[in-house]
Each structure stands twice: as C-alpha cells, then as structure tokens.
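Each chain carries a letter (A, B, C, D and E) given by its place in the written order, and its residues are counted from 1.
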Amino acid sequence: MNALILSAVLGVVMMFSGILLKQKSAIRYLAIAGLFVVLVSNILETYGTVFFKINTNGLMSFDRFALFFNSIVLAATLLYFILSARDMEKIGVNYAEYFALIFFILCGITLTSSFKSLLILFLGIEIISIPLYILTGSDKKNLKSNEAALKYFLLGSFSTGLMLMGIALFYGSQGTFSTEVAAIAVDKPSPLLITGMMLLLFSMSFKVSAAPFHFWTPDVYDGAPTVFTSFMATIVKAAVFIAFIRLFDDAFGSVSIQPKWQFWVAIITAITLLVGNITAVFQQSVKRMLAYSSIAQAGFMLLALYAMNTDAKEGILLYAAAYSLATIGIFAVLAKMTDFTFDGFNGLAKKEPLLAGTLTVFLLSLAGIPLTAGFIAKFYMLKATLLHPQGFWLAIFAILMAVVSVYYYFRVIQAMYFKEGDARTFETTARFRWALVAVAALVILIGIFPNLLLNWFYF
Amino acid sequence: MPINYYIFLSIALFAIGIVGVLTRRNAIIIFMCIELMLNAVNLLLVAFSKMHHLATLTAGDAAINAGSDGQLFVFFIMVVAAAEVSVGLAIIVMMYRNIHSVDVNFLNRLKH
Amino acid sequence: MGITQLLFWFLSVVALFSALMVITSKNPVYSVLWLIVTFFAISGHYILLNAQFLAIVNIIVYAGAIMVLFLFVIMLMNLNKETEPQKNRWLRFAGAVAGGCLLLVLVAALRNTEIKQQSALVNEGNIGLIKNLGRELFTNYVVPFEISSILFLSAMVGAVVIGKKE
Amino acid sequence: MIPVLLIVIPLLTGLVTFFIKEEKSARAWALFATLVTLAVSIAGLTVLKDAKYLTHYSEWMQPLGSSFSVRLDGMGQLLCLLTAVSYPLVFMGTWSSTYKKANNFFGLMLLAQAGLMGVFVAMDALLFYFFWELALIPMYFLCSQWGGEKRIRVTFKFFIYTFVGSVLMLIGILYLQSKTPDHSFSIESFYKLGQTGVANKWIFWFFFIAFAIKMPVFPFHTWQPDTYEQAPTATTMILSGVMVKMGLLGVIRWLLPVLTSSAYMWSDFIPPLALIGLIYASLIAIRQDDIKRLVAYSSIAHIGMMCASLFVFNKYGMQGVMIQMFSHGINIIGLWIIVEIIEKRFGTRKLSELGGLAQKAPAMAILFVIIALANIALPLTNAFVGEFLMFNGIFQARSIFYVWWTVMAGMGIILSAVYTLNMIRKIFYGESNAITANAADLRWNEKLALGIIVVLIFWMGIYSQSMLQLTDGISGDILEKIKMITNKQ
Amino acid sequence: MNNVLQIVYLIPLLPFIGFLINGLGRKYLSKSIIGIIGSGVILASFVLSIWVFMEVKGGNTHVASYFNFISVGNLSIPFAFQIDQLSSLFLLIITGVGFLIHVYSTSYMHEEKTEHFGRYFSYLNLFVFSMLLLVMGANYVIMFIGWEGVGLCSYLLIGYWFKKNEYNKAANKAFIMNRIGDLAFLIAIFMIIAKVDSVNFADVFAVAEGSVKGKSFTGNDITIITLLLFVGATGKSAQIPLYTWLPDAMAGPTPVSALIHAATMVTAGIYMIARSNILYSLSPLTMNVVAIVGLATALLAATIALKQNDIKKVLAYSTVSQLGFMFLALGTGAYVAAVFHVMTHAFFKALLFLGSGSVIHAMGGEQDIRNMGGLSKKLKTTYITFLIGCIAIAGIPPFSGFFSKDAILLSAFIKNPVLYGIALFTALLTAFYMFRLLFITFTGKFRGTPEQEHHLHESPPAMTIPLIILAILSIIGGFVGIPEVLMHGGDKLTAFLSPVIAAHETHEISHTTEYGLMALSTGLVLAMILFAWTKFKNYQRSEATGFGKVLENKWYVDELYDKIIVQPLHKLGGFLKTVIEGSVIDGLVNGVGKAVNYSSRQIRLLQSGQVGSYVLLMVLSMLLIFIVQFFLRK
C-alpha cells in the first residue's frame, strides 16, 4: 500500500515539477529521490510498517510475495533511472511528464503484484498499458515511434477486450470477481469457466508477449525510444508475469482445473522459446534482436507458470531480478550507441573497454552462463520444471533453446572483441560508467552468492 | 429471460467486433469495433449480475446487493474505455499528422 | 409472449443489425452512426434489465461523449467513402470466416452450461438503481474508484504529451 | 586448504595479471604464479598429504542444496599435479612467442587454470558444473582473440559444441539431484542414489555426451582438429594436455559410480565406438599433411583408447587410464612445444614443406623423437605403462567381444607407429630444403621445458609405481562400487 | 663382492652408460675416446659375462629382482634379471661378437663426422643394452622391453644415414613390421596374465607343468599363446610373412648389419622360443607350424639369394634362410640344435658381413658384385676369412656350420624324411649361392672402374683382426656340440643347457643312418661347390631372364604387400579424411547450424508488420486452441 500510494502521489508531484522546476537535472534528482523513498517505504512495509491503513475489502492483499516483487521492481527502476534517466532528455520536451507516467506505471505494477480481484487486475493492467502507449509514441517526430505506438495501442486494446470477455465469463460462472481458490474448488469446471480461463490465458500471454500472441513485441520494442523499450522489456514485463502467475495460481490453481491450462501453457512455452530464439538468430539490429530475445526470456519465465511450485515462485522473482538487471544494463549501453546494427559494435572493446566489458557480463548473464545471475535464474526455472512430473522434455527443449540463445548473444561479444571496426558511441559520464560497473558487479554477485536474494524468499 | 440468450447475443456482438477488427483497415473503425467488443462484454456482465441477483433471491438470501459488483465492473470498464479513447484518438491523430492517413497498412516500417 | 420478450427480441435484432452495419458500411461516418444505434439498443437492454444507472451512463458517456469524439475526429480528418481504404476481399473473407468460426465455436462450447436453465431477472430487482450502486461504489469499491482516478490522470497526461505541439 | 589454494592462487593471480600492462612482467608474473601453484600441489603430495589438509567444506547456496566442498583424492592429486606441472612447461616452452595484450592472454590462461583445478577437486555436482564452465569461457576468449585466421568461426563452433554438452549435463545433474533423498548436490548423496529407474538409462547419455564432446570421442570430435589448428599453441597445449582430462575425470568420478547400472548396460556399446574412433583417427592422421592436425588426430586416437578402457570395468583399464591421463598430458604438451617452435621458425606446418631438420637442429630432433616415441608407447617411457595396462584391461574385459576390441586396439597401436614415424621422417630426415636450410636449434628455455618433459617421461616409464600407488585407492573404490552393483543384478 | 651374480645388473648397465656418454658427449669427445668408450663398455660386460658363465657352469643360477616395474591389483611385474645356462650363453655371444663388431666399427666408420660417429656408437651400445635386457629379463615383460628396444635401435641404425629417404623408409618398414610382431607378443603376454596373474618365467612354466594348484592352461590356451609368441618371433627373426624388412635393413652401415644379423636382433625370436620351450613342447600343432614356416622361409630365402647381386643382400637372404633352419630345429623340438646353430651362425655370419664390409670399404662403397671380381689378390686376409666363412655356412666338416646344421637336419629327419629332403635341398642351395658370391667377388678378373681398382687395398688391422678371430671361431666353434657318434661325451651343449631345455624324447636312430646322412649331405655340398666353381669362376655380367627375374625381384612379395595392405589402408584413410570426416560428420554438425539459420530466415517472415495479419494470426490460433480444447481433448 505504501508503494501504491506514494508512487501515485509522486506521479502527481512529477506532473507539476515540470512547471515548477526549470533544469532537467533537478527533475531527475527529484524523481530518483522520490523513487528511493518509495523503495524504502515498500521495504518498511515488508517489515510491517504500513503508513496507510486502508481496508481494501479483500480486493488486494500485500503479501510477502507481492512486497518482495515490489522491492525488486522498485530497485530495478531506481537503477534504470540512474543509468538511463539522462537519455530521456533526447526524446522530447515533456521530461517531467515521462517521469510522471513512469510513476503511474509503477503504481499499476503494485496493483498487478497484489490483486485479489479481477477488477484490480484489470485496472492495474490498464494503468500500466495506457502510459506505455504514450511512452512508446513519445518520440513524436519519429515515424517508427508513431507506428509502434499505434500498433501497440490497437493490439493492446484488442487483447483488453479479450480479457474483459474472459472476466465476464468467469463472473458468470463464479458470481464473483475474487480470485480465491476456495471459490472455484469445483470438481467439474463448467465450459463457461473454461472459456473465460482460456480468454484470460490468451490476453495475459499477449501482455507477456508469449507466442503466438507475441507479434506486437518486436515492432513495438524496435520502434519505441530505446530508454522506454528498456523499461517495457524489463520491469513492465516482469510485473505482468507476476500478475499472470498470481492469477493462475490463485484462481485456477485447483487440481480439477490446473491440468486444463497447464497443457496449453506447456505448448505456448515451447512455441515461445522456439519462435523467440530462432527468430533472433537472423536479426541484423541488436535492438530488434533484444526484442526477440525478450520473447525467448519470456518463454523461460513461462516455465515457472507451468511448474507452479515453490521453486517456481522463488525462481520467477530471481529471474525477474536477474533479467531486469542485465537487460537494463544492455539497453543503457545500447542507448549510447549511434548504430544499433551488429556491425555497429565492431571493435567496441578497443575504444570503450569498460562498456564492452560490462556489456559482456550482461550478455553472459542473459545467455545463462554460470557465475552470473542469469544462470541461477535459469537454473531455478529448470529445477522447478524438472520437479513437475511431466516437465522433463520441456526442460530439455528449453535448455537446447538456451544454447541457440548463446549463438546470438555471443554475436555481439564477437563483434565487440574479435572484429575490427570503429564503433561510435555518444560520450558517457563517469557517473554512468560507475553505475554500469555497479550493475555488472551486482549481476556477478548474485550469480556467485544467490543467497543474498534467496535467503529472503520463503513461501 | 433465459441467460443463454444474453450469452449468445453478447458473444455475437463480440464476434462482430472481432470481424470488424479483422476486415477493416481504417484505424478509427478498428478502434470502434474494439469499443463494440467492450460493449458486448458490458451487456453480458449486466445480464450475469442480474442472474446472480435472482439466484441469491431465490435462495432466500436477503442480501440486497448480491450481483451489484457486476454492474460496478461495467462502470469501471466505461471509465477505462473513456481513458483509452482519449489516448487512442490522440495517437491516431498524431499518426495522421505525420502520414496523413489512418490506414493501418501504411504501418509497415517495422517488420521481420 | 409478453411485451418483455418482444422488446428483447427487437432490441437484440437492432443491436446485431446495426453492429453488422458498423463493420460493413463503407463510409466511416455511417459506421459511427450505426455504432451509436447499437449503443442505444444496448442501453435498451440495460433498461430492460432494470439497470437504469448504466443505461443512462451508457448513453451519456458512450453515445454522448465518446462517439461524438469519434465523429469529431473523423470529420476533422474528413474521411469519407472515397478515402476509406479497403482490404482486398480475400483478406476480408478470411477475417469474416475466422470471426464466424470463433462465434460458432464459442456458441457450441457454451451451448449447454450448468447455468443455462437460470435466467436473468428482468425489469425488477433494484440493484441497478443509482442508490445501491452508489453505496456499493463508495463503500466496498472506493479503492478501485480512487485508483481509476490515477488512470484518468495518466490518460490526461498522455493526451497532453501526445497532442501538445512542440 | 590445499585444494582451495589450488583454485584461489591462479584465480587471484590471474585477475591481477589483467592489470600488468607491460608484457615482460606479465609473462614473468604468470610464470611465477604457476610455479607457486606447482609448489602447493607438490606440497599436497608430500608434506601436507594428511586428509585434513586435502579437504575443505564451507556453506554455499544452501537453498539450492549445494555447498563449496572440495577434496583431493588420488585422481584429483594426479590431475592437479598435471595441471600445475603443465602450466609452467607451457609458459617456458612458449616463452619466446609474443602476444598483443599479453596481460589479458596470461590472465585468461590463469583463470582457465583455476577452472581446471576446480573441476578436478570439486565434490559437489553444481560446483563441478560451475568450474566446468569457468574453464571453458576463458578458453573461448583465448582462442577467438589470439588464434589463427579462421579463429572466430572455429572457436565459436567449439564453444557451442561444448556448451550443448554441458547444458545436457546440467539437466542430468538437476534430474539426479531431484532424485536424491536430501535434495543435495554433494557427491556423497549422488553416490547413494538408487540405480533403478528407466530414466537413468537415458540420463547416462546426458552425462556421457557432455564428457564425450570434451574428450573428444568419435563421433563427437569434429570441433577438435579445427580448434587445435586455429587456437594459439599455448592454449592448444592446455586444451589437449589438460582439458580433455576433464571429460575422463567426469566419467570416472561422476558417471561410473553414479549411474553404474546404466554404464554397465552400455558397456558393450561404448568401447567399440571409442575404438572405431581410435582406428578412424589414426587412419586420418596418416593422411594429414598439417602437423597440428596430425597431432590433434593422434590425440583423438589416444583418447579413444582411454575411453574404451574406462568401460571394461577392471583395475588394469582403470589404472591404465589414470596413469595415461598424466602421460598423455605431458607428452602431447612436449609435441606441441616443438610444433610451435617449428611453426614460428619456418612459418609452415606442412610436412611436405619441411625436412632435414635433424642436420641443423639435432637437439630438437632428438627430443622430438624421444617424445614422439613415448607418445606411441615405447617401453621404458611413460605411455608404455598406461597403454600396456589399458590394452591388457581391454583384453581382460568381461564382454564377449573382447577379442575384437583387442584386435581393434592393436591396429590402433600399429597405425600410431605408422603416422608418428612418417611425421618424424618428413620433418627431420631427408635432405634439408630452402625453408629449413638455415634452421636454428632450440633455445635454452625450450631445451629446459622439453628436458623436464623427457625426464618425466623416463621417470614414469621406469618407476611408474609412484603414480600408480597414488590412484590405486580411488580406482579400487570405484571398481568396488561397480562390482557391488553389477553383481546385484 | 663375493659373487659376480650380485652385480649382474652391470652387464646391461655398462653399455647403457656408454650410450649416455657417447650420446650426450658426442659433440665434445674425440673419435678415439668415443671408440674406446664404446668398445670398452662392451668389453667390460663381455668379461663379466665370461665370469657369469663360469659361475653358471659351476651350477648356480640366479634371479635378481630389483623393483616393481608395474604392479596393479594382484598382478605385479618385477624388474628382474634371470641368469641361467641359456641366458649366460647368449650373453657370451652377444657381448663377444658385439665387442668385435664395435672394434671393427672404430675403423670402418672413421670417415664419419665426430658427432655422427658418437651417435653411431651410442646407438650400437643402446642396441647391445636392449639385447642384453631381452635375454636377461626374468619375465616376459622385461623381455618385451628389450624386444621393442632392439626394434627401436634397428630403426635408428638402419636410418643412420638419415639424409637418404629410402633408408629412412627402410627404417620405418623395419620398425612397423616389428611392431606387428610385437603386438602378437603383447597379446600373448595378456593371455598369460589372464591365466597365471604373473609373467615371470618361473611361475608361467610352473603352471604349464601343472605343478600349481588352481591355475592351469587348457590345450587351446597353450596353442594360442605359443602361436602368438611365434608370430612375435617371425617379426623379429624375419620369418614368413614378416621377413621383408630384413633385406632392406641393409641400408644401415655394414657392421650394423653384422650386429643385427649375427649377434643380436634376429636371434631374439629363437631365444624367446627356446626360453619358452616348455610351453611349445605342450603344443604339437604349434610345433608343426613353426617347423613348416621355418622350412618354407629357408627355402624361399635361399631361392631369392640365388639371384641377388648386392653382396649384402645375398648375405641378408642367407641369414633369413639360416634363421629358417633354426626355426625348423625348434619346430622339430631340437631346441639345443637351434641354439647351437644360433651360436655358430653368429660366428660365421658376423665374419661374412664384416668381410663384405671390408670388401665394400675397399671398393669405396661399391656393393654390386657384378662390378667386382678377382679381389683375392688385393685383399688376402679378407679373401681367406671370407672363404672360411663360406665353408662354415655351407657346412663342410669340421667347420662349425657343419655340426649345427647336421644336428638340425638330423632332427628334421627324425621328425619326417620329407622335411629332411627339403632341408637338405635348401642346404645345397645355400652352399651354391654362397660360393657363387665368393667366386664372383674374389675370382675372375676385376670388372669395376679403374679408379676403384687402384683404390683397392687391404683394410686396417682394426678390421682384419676381428675377421681373423671370427674365422678361428667359425672353424672351432662347432666342437662344443659334436654329436655323440663322432666323439663320446661330445655334445657338451645339450648337457649344459639341460636344466633349461628339457630333453625331448628322441627315439634313437642307428649310427649307420646318422653316418649316412652326414656323408650324403657333405658329398652333395661339395658337388654343389664344384658346380658353382665351374659356373662362376670367371663370371660375365648377364641380365636375369624368366624365372631368374622373378627370383631377382624376390618373388615380388614386397609389391604384393604394398598392393593388398599398404595401398588399401592409404586409400581408406583418404576416404575417411575427405568424405566421412569432411562431409558426413562435420556436415551433420554444421547442418544443424545451417538449419537454425534457415528456419530463422523463414519464421521471420511471419512478422509481416501488418496489424491485420497479426490479429488474424492471433484469432486463428485462438480458434485452433478452442477447437482442440473443446472438441478434441479428453
């Protein structure tokens, strides 16, 4: 609740800061400071200090899971601000508004991570989506940005329609919007419920960009301004994933109904992994490659949904953290590049050894090489999947696809280190470099001592 | 009124909306079709809310507000729809400013 | 066959027909108008279900505000029959078939649910009245209500960001 | 304590090396570091051989059921010694070859050493996997940065190839861990695993393919000749001398005792595969004109022999492999050193372009001949003991096909003589030509390195007990376990 | 030091030290020092050998075990030496003849550069060292070490002049053919290990005699083991089918040929079989095989020798043929006879080779006898000694060759008259080609170039003295084995070797027949010599024709091997390299990558960029899932 309200308030504050504060740096510092406050307040709430005692009548529950996730997301956003906030200036004049929108999105994220009622889920998803449409289109002069925004908007609202139909059918069969398992411990689920569940599955798959509902992702990620792509691809995606898992764990977790969706989740996972990884192989632009790789990573996260056990829940948090860290770092570097194609990275190691080095760490993490956070995350997913009685072959498929992913991630490393060329970058401040190094260190630290995170989780 | 009628009616409207999205190229029309889908959902929700209301009444429960949540949900949907429309139309207009068309087929810079 | 049934069938037919007209009519302006008709029909259904508040809101917000906005935009861009882009007919056919199949499948799936003998309470039951809904909204649903304000804020900011000239 | 040091010293010194910009000092520092490591490992063999020095356990990743537990058993001692010995040899032997960004080169080499040490001492499956990868990654960078002209493609193939294997192994490890009663990765609980279960039969392959790719065993070997050809020779030495032993160790420590019954089930199938590889590689080696490729294929052949005799489940085979792991490492490093010298001096690796070196560089000729003959297992050299035992082991195999296996192995031995002698003849004998006319003989550092190798060759060839006793216990235990389980069935 | 047997390890050690000194110091020592060291160490071990021989004659044998060479499980192979009658006898031959050859070499190789001179002597010492290991080893593995060692040394010495590529090829051939034999030997050892868990001669023979509880050989085991050992022997001792390396081994310096052919290497096979005679006696089948192979080899080699024109080639084939005789003896159970022949053969064959060396030396490297002739005037000593050698090998009493060969023929006769017939015929051929060689070389008129003619000279004493010594030995050497019939208590050798070689049952034959056989063989041999004299006393060069050509080309055996073994393997290798490796396996691996790339390019096209198609695809997949969910599943 702390995070929810504070981020909402901060959103409003940022809105007006545009008028009050003249220098952009001031706005930026305000945003960072504010976000830090939100983070602290959320951590305080984890340890029982709630500032706002508000009765939500069971529409929401800020349980441990939700709060940890919030902390991770807020921390990631903080890093994101520190690394990339400066790059937002390039996009447009509405500097303060961007921050406001991001805070509203955070507010929506706190909803999706803690909903107990489909109504809140719906609102949360919408509060996340609508600002995203705008951020995607925020580079108004850039046709790609416009196109991405419109595509995202049309497809997004279409999937919202599907979701609403699903909710309606759910309501029809259950007589309530609450997602308490007890409500639907029915031995024989009705077609009404099944249909609703499937529609929810589709719309959520759309939001997490799982195949075959992933088509918007590459275009939108490619078209959106790089800074916002970074935000979309990491924090938002993680948030929607949490919503996805919460929904299907609470509402459809009962033994009578679980097999029905798990089968489809398995198939969707497989297709997502396949499409994401295979398609990424042939891309020429690193940015677009990352878009596809985000689809692939989504496929890996879906494994948690499939397995749906304690390991899976711990794992998804870890995965969210690891994936967000690495991707934020990569996009932060990418935003400094003048040329997004693979050749644009040729010989970066010679000109900018530090950027190249950190970028390598992030890529290794995404590829799931041991001693990076990414490995532990993937490891957890596989562990959870293998604990599932039928999970064996899915796990093998996933791991083989991970090998494919190595192929395109290492293309970047090869370009940076082993190819001759003059990669051009915008100038980078010392603070940026230090932040980058810090993030890289964090990635490795989590990789070597995952206990730092894991010891918190116990569900 | 048997609830099935309402189910079929709204599903029909919903499907029509989908068909519209599939068959038209004008971004605005597509958007309107999406609105149509939302309305189909609204209708269904209201019908369900009345159904549950009836069910509780016949069960002899005096809970006077049983089923009202459905209608509230419709209210929220309308709220969201309004917001979406404002943003959506803004985006479409921006698009129109740049390429002087609302034809979604012109949106093909980003592919493969 | 009482008056209620008659009204129900009439409104349903109107809704479906006008909806079809929305997606078939070449001229966007007509589409908008047909959509308004659809909304009116749906509002009729609300009244029939004695959900007066929603009926009113539907007419005010949708038919009143939203569709006018649409109409305004279309007029602004002065789109008409001529400028209206047409998908080639195979794609249209494919779309129609896909949608139709979806309809059939869903109908077939939901043909016999366990609640099919249940029915919706028509023209009585007062949960749809503003009094009740209002109480509900500002007691149990106050949190989402407040949250929706955030939604509006962000939409507003967004509209500004997108629309404002630089 | 000792095992930890063996990992930590190269790790830290390696990291330090990255910051030594000046080439000479970087090289000297690296050599010094490896010598320290060598000293530690020798200490572990001699003065500090008490169990309390050779084991270390500390908490690490409890939530995953993994812990940082390392131990030096006989095999670990042997292979760590090999690693510790080979690094100084490599650095000495290639002292005169220069690299751009030398500090990175040596740093990565040392990191790889840390990884190798870790693999050899890890007593926790997950830890084992970590070090397995840690040894691979630096190799990837070494080969693609300082390799030949086709390096990027070749190295990448090598990397992907090995990575496929290791991820399959990861799945296997995870599967077994989920089957362990205490959900732990520790080797003890792996050894306690039940042998029943159909899945085991296939899990076996998940491990074996990973190890087979590493060794490499036919038909998983195609990455190897290209990589050896393209990689910088110092790296190739480590790859072929030490790295391939990871696969063998994996089989001995993580496969045979864990999935014994499955291994037993497949034990009629793998030796022929390996032996076919032996003959196959030898025949190809006969037709090679490029020295590096020739040596590469000869290495495949030798590994095939070792792999085969791992699956005959008798002490001859096991001990033979143990000692051969060391011998092969030493010998092939010796060969590479001279190959490197030849390539550097004459700018060619083509047998057809060389010849008559024996007149100009007698010392080189003599040392090369000794090492090459040791490599084809001439008596009183180290490889003879190994090959004798392995060959004997194959002959004593319980399988009904043992005669055929013996014949195949025998053919391999003869063919090895053929290609080795041809190589010697074409490089060193005959009239010297334009390329080799003004050849210089070995430098002192090369003489030193090769001299040490030759001494080791004869020492182990004549007094092999020193090594055999080291590994006697461990191979005894493993065979004991195998016997226990296979007898039950 | 009370007993020489305590320091028996010095016998091999001294040559090894010599090897090290000459090998490492070859750049720094002078030729004379090298020569002195090289010969000195051999002399020393010769002296020791005599000492040892005396001890053994005195009846005390000795097994000295030093350390564990290999020990795994319950198999432990000690590094041990065994000194008994057999080995001590061979020690004498090896070190004795070896010493003479060393001395001879000091002057024969004098033109070599110092370091090559040193290399040469180090090789020679190493050669002797390995041969000593071979005969002194107390178990099969130590024997095998020497066994491979001599193979290695022959490789090194044959390829001594490494600039000539065909020499190196010959060296490789020798090594590889030996390796094939060694492989059989090795497998035999494994089989013994499997049965006995030990490779010590004592244990193995004990088991063979059935005097050990629990362990025993079946008849099959024995046969297989002995056959495998015999294959090993064919490799070392140049019997069919592995004999072709020996003639090519002439590439080495002549003294080396002498060493290989007379004293060391080739006799290894004989020694090994004689050593394991207990096993062989248990397997009649193997015995027959040995006898037949031996005889066949003898005949084949003799026929080839008839038409050779290279002086050393003739001698080489005669060696092969003589070895055939020895194997015949072994096969017929006359182990003593075989050993006896080894000894005598060592004398006269060394003599002949060194003689030919002297000739070549005089002719300035010329080896083709067609370019010689009438050398008897210039090279008196060489001529006489060579003549003695020829008489000895031809087997004319009382020269040494007569007694040993007679013993072999006799045992063959006892075994089977047919064998005897063929053996006798071969003996006659021997006499014929040896004297052909003698006459063509030394009689008639000189056919070489003028400068060769005036270059002709008798060799220095360092070469002639060994010749003389060997000549004397080949005259008197036979008397240690005079058969009973000629001198009562004559056959010292049999008596001496009896502890090692169990006397096999010989159904006595009457003295008259024995006399008859001797007379017959002697007479025929003399006739042959006369025939050769009439044919070649003044020889004119003439091209061989018809069958002669086949013989001159050694029955085309080399070509045959090349066709049926070498070429196919070579082709197979090429096929594997290019097709299987290049296309199939690697193609498969790369194919995966290509497939991924291709599918990537295809799947990419789904991302058409059209909102409409996106929605359509989404709806279609929804439709599909619904259909499956509601109408197909469960």
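Just so we're on the same page, a residue touches a chain if its C-beta (ideal position, glycine included) is under 8 Å from a C-beta of that chain, and two chains touch if they have at least 3 such contacts.
Because the structure is predicted, anything quoted here is derived from the model rather than measured.
Asks: With a step meaning a move to a chain it touches, how many steps does the shortest path from chain A to chain D take?
Replies: Contact-graph shortest path, chain A to chain D, evaluates to 1.
Asks: Which chains lie in contact with each of chain A and chain B?
Replies: C, E
Asks: Which neighbours does chain D have in common with chain E?
Replies: Chains touching both chain D and chain E: A.
Asks: By mean C-alpha coordinates, which chain is most distant from chain B?
Replies: In terms of C-alpha centroids, the chain at the greatest distance from chain B is E.
Asks: If every chain is reduced to the average of its C-alpha atoms, which one ends up farthest from chain C?
Replies: E
Asks: Quick check: which two chains are joined by the most contacting C-beta pairs?
Replies: Going pair by pair, the biggest contact count turns up for B-C.
Asks: Nearest chain to the global Cα centroid?
Replies: Going by the distance between chain centres and the overall C-alpha centre, it is D.
Asks: With centres defined as the mean C-alpha position, give me the chain A-chain E separation in Å.
Replies: 79
Asks: Between chain C and chain D, what is the gap in Å from one C-alpha centre to the other?
Replies: 72
Asks: Please tell me the distance, in whole Å, between the geometric centres of chain B and chain C computed from their C-alpha atoms.
Replies: Result: the chain centres lie 6 Å from each other.
Asks: List the centre-to-centre spacing of chain C and chain E in whole Å, with centres computed as mean CA coordinates.
Replies: Comparing mean C-alpha positions, chain E is 104 Å from chain C.
Asks: For chain B, give me the residues that contact two or more of the other chains.
Replies: Correct list: 3, 7, 17-18, 21-22, 25, 30-31, 48-49, 51, 55, 67, 69, 72, 76, 80, 83-84, 87, 91-92, 94, 104-105, 107, 109-111.
Asks: Where does chain E touch two or more other chains at once, residue-wise?
Replies: If we look for residues of chain E contacting two or more partner chains, we find 604, 607, 609, 611-612, 615-616, 619, 622, 626, 630.
Asks: Specify, in ascending order, the residues of chain C that touch 2 or more different other chains.
Replies: 87, 91, 94-95, 98-99, 102, 106, 109-110, 113, 115, 140-141, 144, 148, 151, 154-155, 158, 162 - these are the residues of chain C that touch more than one other chain.
Asks: Go through the chains and record each pair that touches.
Replies: A-B, A-C, A-D, A-E, B-C, B-E, C-E, D-E
Asks: Enumerate the contact residues on chain A facing chain B in the complex.
Replies: Going by the criterion above, the answer is residues 119, 122-123, 126, 130, 133-134, 137, 140, 143-144, 146-151, 153-154, 157-158, 160-161, 164-165, 167-169, 171-172, 175-177, 218-219, 222-223.
Asks: Please give the residue numbers of chain E that touch chain B in the complex, ascending.
Replies: 604-605, 607-612, 615-616, 619
Asks: Sort out for me which residues of chain D touch chain E in the complex.
Replies: By the definition above, chain D touches chain E via 157, 160-161, 219, 222-223, 280, 283-284, 286-288, 315-316, 319-320, 356, 358-359, 362, 373, 378-380, 385, 388-389, 391-392, 395-396, 406, 410, 413-415, 417-418, 421-422, 425, 428-431, 462-465, 468, 472.
Asks: Under the stated contact criterion, what part of chain C meets chain B in this complex?
Replies: That would be residues 4-5, 8, 12, 15-16, 19-20, 22-23, 28, 31-32, 35, 38-39, 42, 45-46, 48-51, 53-54, 57-58, 61-62, 65-66, 69-70, 73-74, 76-77, 79, 84-87, 91-92, 94-96, 98-100, 102-103, 106-107, 110-111, 113, 115-122, 125-128, 132-133, 135-137, 140-141, 144, 148, 151-152, 154-156, 158-159, 162-163 of chain C.
Asks: Quick one: in the complex, what on chain A touches chain E?
Replies: Going through chain A, the ones touching chain E are 151, 154-155, 158, 191, 194-195, 198, 202, 206, 212-213, 215-216, 218-219, 260, 263-264, 275, 278-282, 404, 407.
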